[in-house]
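Below are two complexes that have chain A in common, paired first with chain B and then with chain C.
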Partner chain A sequence: MKLLSSFKKELILASRGFYFYVELIFALVILVVLLFAIPQNFSSTSTEYLHFNLPQEGREIFTNNILENDLDGESEIVEIEAGGKTFNAELIVTDESEIYIVDSEEAVRMLADSEKVIGAVIELNNNNQLHYKYYLQGYESTRFKNLISILFNESTDVLEERINNQDVRPLSTDYEPLSDRENTIPPLVAFSGSLMGMFIMASYIFLDKKEGVIKAYAVTASSVWQYLMSKIFVVLLTSVVSGFIIVMPVMGFRINYGLLLLLLLTTGFFASSLGLLVASFYKNLTNAFGVIYLLLIIMMVPSIAYFIPGWDPFWIKIIPSYPLLQGFKEIILPNGDTIYPLIVSAGFLAVGIILFAITNIRFKKTLSV
Partner chain B sequence: MMIKNIWIIFIRDIRVNTREFMTLYMMIIPLVLAVGINLLSPGINDTSVNFALVENENPEQAAYFDDFAHVELFSDQQRVEDRVRSRDDVVGILPKDNGYYIMTQGNESELVLEYAKLLNVLYESDVQLEDARSEIIEFGRTVPPLKKMLVNMLLLLISMLAGMLIAMNILEEKMDQTVSAINVTPTSRSAFILGKSFTGMFVALFSSIACLLITGFYNVNLGQAALVVFSSTILSLLIGFIQGINSDDAMEAAGSVKLMFLPMAGSIAGYEFVTGNWQIFFYWSPFYWAYRANDMILSKSGTWPRLILYIGIILAICGAVYTLLAPRIRKGLQ
Partner chain C sequence: MIEVEGLYYSYSNDDNFAVKDVSFKVAEGEIFGFLGPSGAGKSTTQGILTGLLQLQKGNASVAGYDIKNISRKMFNKIGMSFEQSNVYSKMTAKENLSFYSKLFDVETRDPMELINLVGLGGKENMRTGEFSKGMKHRLTFARSMINNPSMWFLDEPTTGLDPAIAADIKDIIKEHNNKGVTVFLTTHNMYIADELCDRVAFIINGEIRLIDSPKNLKLQYGKKLVEVEYGQDGNVKKETFSTILQEDKDLLNKIIADKEILTMHTKEATLEEIFIKVTGRGLA
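Let's turn to the complex of A and B:
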């Protein structure tokens, strides 16, 4: 009962302050960015510069082969600049790349160097076999270099036929991928909603420390944990509201909002408790800021693995934001796993309770007298 | 006299801040992050397809794939299947009656699947590295684009951090009523504020240059980099002032910090992902120009006139905002 009235009081105070509205405006801005600035799917086209140092006939065969994939079936003659020189090029645009066919090796070298992309020269060796010369930047991985060096040892037609005949057995076929826009939702909700709670909670506490509110609690009937919890409730409320503002207009009624609510609440509780614990070690926000800042940066690292699924080292899975991101992703995935977000929520709740208990003991010891 | 006062305040600030480990801490965090970038980027750059194979089933095949992909070996087929089912992208290559089949989870990107098929075909066709009919010429660049992007972000974060440090410093002085107390001393308020800002500037400059050296950018033009750091710190300082002076408490300042992240993150995303003509929509943001200037310096493609143009734009935007808000800033200091 006391907890409820404290919460009501906090809520009234928060609604008069600036922070509550910043959260909501922030969520609305993210929503606008999601809907209007982030395309449904990113178009990632690569640029390549090629030169065929071959007899006219060979040149035509290669060019026509590439031209088959051109979006409108026709190439375009363009002028491109590199190193203060202008080169003529035949531009072929496919749905994956922009290919510039230039008429000298020097052009390939200068363009690959100045534009920092791959260039290739195809020529005949002494045995009249095709020979490939690649211009690379130098930072490409050895594995990538190995692959391109043998890529054209077999004829493209033979390779293509064999690739199409490969036996692929997926373990599940009911998977529908997220669009790029939908895929950006989990990191946005995780950082704007759940994890910022850590920073906000700490700021809250330092404000009250300064004003002596925590000490004042020692002479009231209410206990410190109720006071801390009422603060957390305000942060959770804003995190849930801002999370829903971001997710609902993009995902509509396709997802399980019960699960989303649960994960927002448990992860918000974890982050707030962590923020409280950090705050309990310092006497003002400036001092605590460094630790909170470092924690936020560490929490951001798993988002690299989130966007590059091929890079997923073991240690990254220990960082709490990893399951957090994967949990949010599972919720918005069509046919997503419901068990995973439940396990993640239970984990965050358990760790949050432990952190909260430790914080409560610390605050009782250091501040209530 | 004024310069002497500013100097005294700066030195006093350094002494106070070091005593609290704060400045030292703010200097160390970016360095730790720079080391982190160094540790992370080779792994990310080496990202390829991940294969799961059965151990000792075909060691020669495993060795072949290892030249092109990351290979993990498991004791039996069930373990391979468990690994394929995990959350990251791993493709299993398993034996069947007349060759091998590719086991996927079903949610891999097309690129991963195509890569896996290609490698399996190359192996089945016995295409060996020794038979390569190609030659690779490199330009000798060692820093991958992702590392450059992370270092650039770190540089912006450092100047923002410095701005925040200054804002919080001022806020605390304001709460302790020192800003008003300055009125009765021979030091002017502006000298006091300037003196307090030097700490942040010093932290930003030191950390940025140290981070550039740690991450291997020692052959970039450090003078140019210092100029960009200086101008983006002025930017953060301005934002810091507005926050520190207009917020009555730490809570409000914390809220504004969050608002400041948005234009910064937006500008970085805009520069990196938005193509050609659409970039014009980010021209209003000084963060965009700072990021662009840093990118130019880190790519070693910077010319002084262009750099001066970018810095000029950052300072002009800051100047315009300052002129607009000067009365409020002055009022807030009273």
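Let's turn to the complex of A and C:
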């Protein structure tokens, strides 16, 4: 009854405050970005600028070879601008590239410079042999440069044969990847839905400290843990609502919302308990800002590993946001592992309970602060 | 109702004590004034007795509950009005009191009754963030009565209030005391202490220097003199008489009988004068 009354009071305060709406508006902004700014899949096509400084016959052979891969089998005459000049170009669009064939080396050089992409000039040398000149950007790896070199020192037939003979075996055959848009959901939900709770919780406590109402609560027959838990309930509510605002419109009914709810609740409990613990050491948000900021930065590091699968050192896995991100990913994967989010939820719940118990003791000792 | 013995408290957990060897008892139904300047140790002692500060050394019990292991049930019996108003500014006066009324296991008072009692009737639906300092203070005072406390801690209950409202607050305190409520009054205002308290304790630098009733203190430290101004031959004359010497008593009676008395004052000491005499420093 006391807990319920405290929860109702916290809801009234939150609804009349600033942070409650900040989190929800933030979730709506993320949703708009997800739906209208982030494409379903990021484009992987590259742009290349070529010039054939060859006799008409040679130029046609090269052009026709490339044209065979054009999506509609026809090139298009376009005008492109670079360095204040306009150049005519023949555009050939393949699955992997947009290839612009321009009519001068100057155009290749200026376009490579202004568009920051690779340009190439194919011409004949003094011995009437084909000569390839590349305009690179300077940041290309040695491996890439070696690859370009080997292309012209080895028979293309040999290269093709070797590539075709490579034995590629997928480790999992029932794995369905997420679209690029779906793949961005876990970090966004993790930070706006769960980890933001840490900051919001600390803010709520500092507001109460400023008004001195914690002392007033402390001289009632209600326990400190009920006061703290009622605040956690409000943070969990906003975490769940903002999490669902982000996930539902993008994922529809394709995922297990029970699991999502569980993970949002347990990770939100962990984050808000951490926020409470931090708030118990400081008098106001200004004093605590450094620690909160540092914790948020540390929590954000695993999102780098999330987007760079090849970079996954051990130490990153012990940062709590790592399993948090992977847990959310497993939930939205079409064939995701349902056990993993359960294990992660149990872990966050256990750590959250420990943090909450420590916080409860801290608040009992520091009520006059 | 309150028993304190050998109480010590240090904020820095060393020998720099904010409260040193404080001992006193407060009987049931008594109004006990804890008087001293800012930083004397009044609020620290009250903080320990209300569980806001943890007991470090010594023994204390409030309303029959040992402060070493405070039971939440104790708070059903005590009320606490803070010097600094501490109400939820985003909630109305009524919402504030309604919320606190649900945090006790005993029968609580109607929020509206308390709001009217402290003169905030008509403002019950106003958010307290829009209240003046005095209005917030009255609401904080009203909240301390929500659970019908038998032990009432009041920290500077009339600070910042205009004289008329302060008089009303004093009347409320007296009225509750007449019904048997024990009051622990912390203040640096000697006038309110003089008017309300059965006994007062002077505390300075964390130590209690003296405990007695205001009347006894005045008798002990006041001068036994009467100062009279009277008219004689068209002039105003001023004389001081001893209330002990028979010769002076006779003279005073004669003046009262024959002359026109303009003013007459006993020269008893105020609590503030006694405090300065006892502690060697003022209350500011």
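Convention: the second predicted complex is superposed on the first by the 282 of 369 C-alpha atoms of A that agree within 3 Å, B and C clash if a C-alpha of one lies under 4 Å from a C-alpha of the other, contacts with A are read in each partner's own complex, and residues count from 1 in each chain.
Just so it is clear, a residue touches a chain if its C-beta (ideal position, glycine included) is under 8 Å from a C-beta of that chain, and two chains touch if they have at least 3 such contacts.
Only a predicted model underlies this, so the values are computations on that prediction, with no experimental measurement involved.
Colleague: Is A:5 touching the first partner chain B, the second partner chain C, both, or neither of them?
Modeller: The answer is second: A:5 touches chain C but not chain B.
Colleague: Between chain B and chain C, whom does A:297 touch in the aligned arrangement: first, second, both, or neither?
Modeller: A:297: touches chain B, not chain C.
Colleague: Quick check for you: in the superposed arrangement, does A:98 touch first (chain B), second (chain C), both or neither?
Modeller: neither
Colleague: Tell me which of chain B and chain C touches more residues of chain A.
Modeller: If we count touched residues of chain A for both partners, the winner is B.
Colleague: For A:137, decide between first (touching chain B), second (touching chain C), both and neither.
Modeller: Once the two structures are laid over each other on A, A:137 reaches chain B alone.
Colleague: Have a look at where A:213 lands relative to chain B and chain C in the superposition and call it first, second, both or neither.
Modeller: Second partner only.
Colleague: Would you sort A:284 into first (chain B), second (chain C), both or neither based on which partner it touches?
Modeller: The answer is first: A:284 touches chain B but not chain C.
Colleague: Applying the touch criterion given at the start, work out whether A:221 contacts chain B, chain C, both or neither, answering first, second, both or neither.
Modeller: Only chain C; A:221 stays clear of chain B.
Colleague: Kindly list the residues of chain A that each of chain B and chain C touches, one partner per complex.
Modeller: 17.
Colleague: Within their complex, state which residues of chain A touch chain C.
Modeller: So the residues of chain A in touch with chain C come to 1-2, 5-6, 8-9, 12-13, 16-17, 211-213, 215-223, 365, 367-368.
Colleague: Show me the residue ranges of chain A that touch chain B in the complex, using the header's touch definition.
Modeller: Going by the criterion above, the answer is residues 17-19, 22-23, 25-26, 29, 33, 42, 109, 112-113, 116, 125, 129-139, 141-150, 152-154, 158-159, 162-163, 166-175, 177, 196, 199-200, 202-204, 206-207, 210, 284-287, 289-290, 293-294, 297, 301, 304-305, 308-313, 326.
Colleague: Within their complex, state which residues of chain C touch chain A.
Modeller: For chain C paired with chain A, touching residues are 47, 50-54, 72-73, 75-76, 78, 80, 82, 84-91, 95, 99-100, 102-106, 140, 143, 147.
Colleague: Please give the residue numbers of chain B that touch chain A in the complex, ascending.
Modeller: Residue positions touching the partner: 20-22, 25-26, 29, 32-33, 36, 40, 43-50, 67-69, 81, 84-85, 87-89, 96, 99-109, 112-114, 117-122, 124-125, 127-129, 131-145, 157, 161, 164-165, 168-169, 172, 175, 247, 249-259, 262, 266, 273, 299.
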